[in-house]
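Shared between the two complexes below is chain A, which pairs with chain B and chain C, respectively.
Right, the complex of A and B next:
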């Protein structure tokens, strides 16, 4: 069995587990919806509709949702000792990392789509460049899992894991947050070249952390 | 299996001399920075913060690059010496990054009019500071020696990505921070010769202080590792 197939098997396992017990997805959807609503109320209707504020609120909500989903995924593995079985297999550590990254990306796309639709509906946002916005949203979502899974693996079986993962991952994710927020704001206001440039930066960010993750993270999986 | 019992910890014989040399160099750098170097025509004496700000910036970068190299060394060889080097350098790096931010803030108030501004260089430096605080936090939460070293090493390798982002942020984004003055691509330093020499001596003095602290901290770590192994055996 090659590495890609092993990773996809882990992905499928993650997605089946989430489908059977969608508590992670339900928590993430509720959380993002509530965060968008609360932050919009906090900023007030006028400011919350501004492109950069709306984008920032959306991406912060998605960022927190990614941490929640990853924590739930690793919790499930630790509860039933599934993680030990996976890493015992040949190439299991690489497959675990890659599979979790792909699965988290897929689930996060659902969460981001729901949060995005909710933001557009709630704030009555005018989207100047929908295609560019979709591209930035896709690049922004895909950029999150490599870093979140890296930090979740590092913090696995560490005391106060739930606090450690955000503390470690948020500083690393600042370039993602800035690029995704600026890119989405550019797409909302009609600045196509800027949106594409930010999407390119997000792609480069994803590539760097995905390669780093695949190279080094398997060594940290216990 | 950890090789600590069979791999002796290298003894550093330069310890006392390093401390004496670092102290002498720090005194010389202080005299040059406060007395010998000329007053700046535009900023007056305020600019003298540069003799602390730039060396601490250099040491912040150096310390975290050493953390990266030591982390690779640990992951490659599993020799505890590398883990001791990584933790020592990370702690000193956090200290110097803190001083770097404070010195920058002291310089910013009279020149920019504010202690802090949301400038890319400042923000990315603060992020680097938080990232390595997270590194130390992660170490403090792990009890098993080998697991702690491996987790920290992985983070030490990944976190190094932030260093070029900090240094190049003033070129990539609109920034009120001045562009690089000494390490300029394709050009010499944009600094008066006397000021440049003082800055050079300051950088050397701070580097010696870093090395002296590093050696002392590694010795503490060596003793701690020895105690852990004693208990284990």
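Right, the complex of A and C next:
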């Protein structure tokens, strides 16, 4: 069995478990929805509709949701030592990393889609370039899991991992957060070339951290 | 090393086909030896050589909550590429036919243990590592474990079993090891 198929098996396992116990997804959806709602109240209807404010709050919400979802996923795996069963399998460490990254990306897409639609309707956002916005959103969502799963694995056996994962991952994710926010704001205001450039940067970050994760995570998992 | 503490020292032994029993007092390092062979514990010194990817079944079920026993076992079988083996038949043998599709967190401890041990039938690896497999099991479950061990020995598998008592296993064992204070000796 090749590495891709093994990773996809872990992805399927993650998605089935999340479907059976969707508490992580429910928490992420609630959190992102509340943040968008609070933004509209805190900034007021005029300021909240500004492209950079709306996209900044959206991406912060998605980032926190990603950490929530990852924490729930690893919690589930640590119960009854289920993670050890995968690590002990041949090729299990690589598959665990890649599978969790893909699964987290897939679930995060659902959260981002819901939060995005909620933002558009609640804030009555005008979208100048919908295609570009979708591209930036996709690139932004995909850019988060490789970093968050790396830090979750490093903090796996740390008692205070709920604090450690954000402390480690958020500084590493600042460039992605800036790129996603600027890219989304560019798409909202009609600056197509800028939106594409930011999406390209996000794709480059995804590639770098995915390769880095596949390189260091197998050695880092204990 | 665990938490910067040396758990095992000067451990050297070979395991071939057949049953190897590993005994010792609480905290002696029995589980750590198995986890080291399975590649779950980093070695600060020395080497481990395993002829093939081992099957490690720990003293907890190692099954993913949210999934059924059938889904868990199908995952392991697919991962190892042993899909020709009938997962349903393995679960039936372990008395879990009617519970096969129930999420594992809704099974009793003994039923979860049975589901975990059904991996013996599903994965059939040349090296099998069992950590206290009799825990939580009733008499019928205990007999099933013993039958599975005998079947594995007949198949030519190497079975390393950590246990406290179970002297009745001695007659099936090809090797008996005692671990104490992190050191292993043959008895």
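Assume the second predicted complex is superposed on the first by the 222 of 222 C-alpha atoms of A that agree within 3 Å, B and C clash if a C-alpha of one lies under 4 Å from a C-alpha of the other, contacts with A are read in each partner's own complex, and residues count from 1 in each chain.
Operating definition for what follows: contacts are C-beta pairs under 8 Å (C-beta built on N, C-alpha and C of every residue); 3 or more make two chains touch, one makes a residue touch a chain.
For clarity, every value in this text was computed on a predicted model and none was experimentally measured.
**Student:** Look at A:217 in the shared chain and tell me whether it touches chain B only, chain C only, both, or neither; answer first, second, both or neither.
**Tutor:** Once the two structures are laid over each other on A, A:217 reaches chain B alone.
**Student:** Quick check on the superposed pair: does A:76 touch chain B, chain C, both, or neither? Answer first, second, both or neither.
**Tutor:** The second partner, chain C, only.
**Student:** Taking the superposition on A as described, I'd like to know which of chain B and chain C A:168 touches: first, second, both or neither.
**Tutor:** first
**Student:** Tell me the contact category for A:13 with respect to chain B and chain C: first, second, both or neither.
**Tutor:** So A:13 only meets chain C here.
**Student:** Going by the contact rule set out at the top, does A:21 touch chain B (first), chain C (second), both, or neither?
**Tutor:** After superposition on chain A, A:21 lies in contact with chain C alone.
**Student:** With both complexes overlaid on chain A, does A:158 touch chain B (first), chain C (second), both or neither?
**Tutor:** Only chain B; A:158 stays clear of chain C.
**Student:** Of the residues on chain A, which ones does chain B touch that chain C also touches?
**Tutor:** Touching chain B in the first complex and chain C in the second, residues 222 of chain A appear in both lists.
**Student:** Could you pull out which chain B residues touch chain A in their complex?
**Tutor:** Chain B reaches chain A through residues 75, 123-124, 127-128, 130-131, 134, 137-138, 141-142, 147, 150-151, 153-155, 157-159, 161-162, 165.
**Student:** In their shared complex, at which residues does chain A touch chain C?
**Tutor:** Touch residues, chain A against chain C: 1, 6, 9, 12-13, 16-18, 20-21, 76-77, 79-82, 84-90, 92, 95, 222.
**Student:** Which part of chain C faces chain A closely enough to touch in the complex?
**Tutor:** 35, 38-42, 53-54, 56, 58, 60-67, 71, 75-76, 78-81, 103-104, 112
**Student:** Inside the complex, what are the residues of chain A that reach chain B?
**Tutor:** Residues in contact with chain B: 150, 153-155, 157-160, 164, 167-168, 171-172, 174-175, 208-209, 212, 216-217, 219-220, 222.
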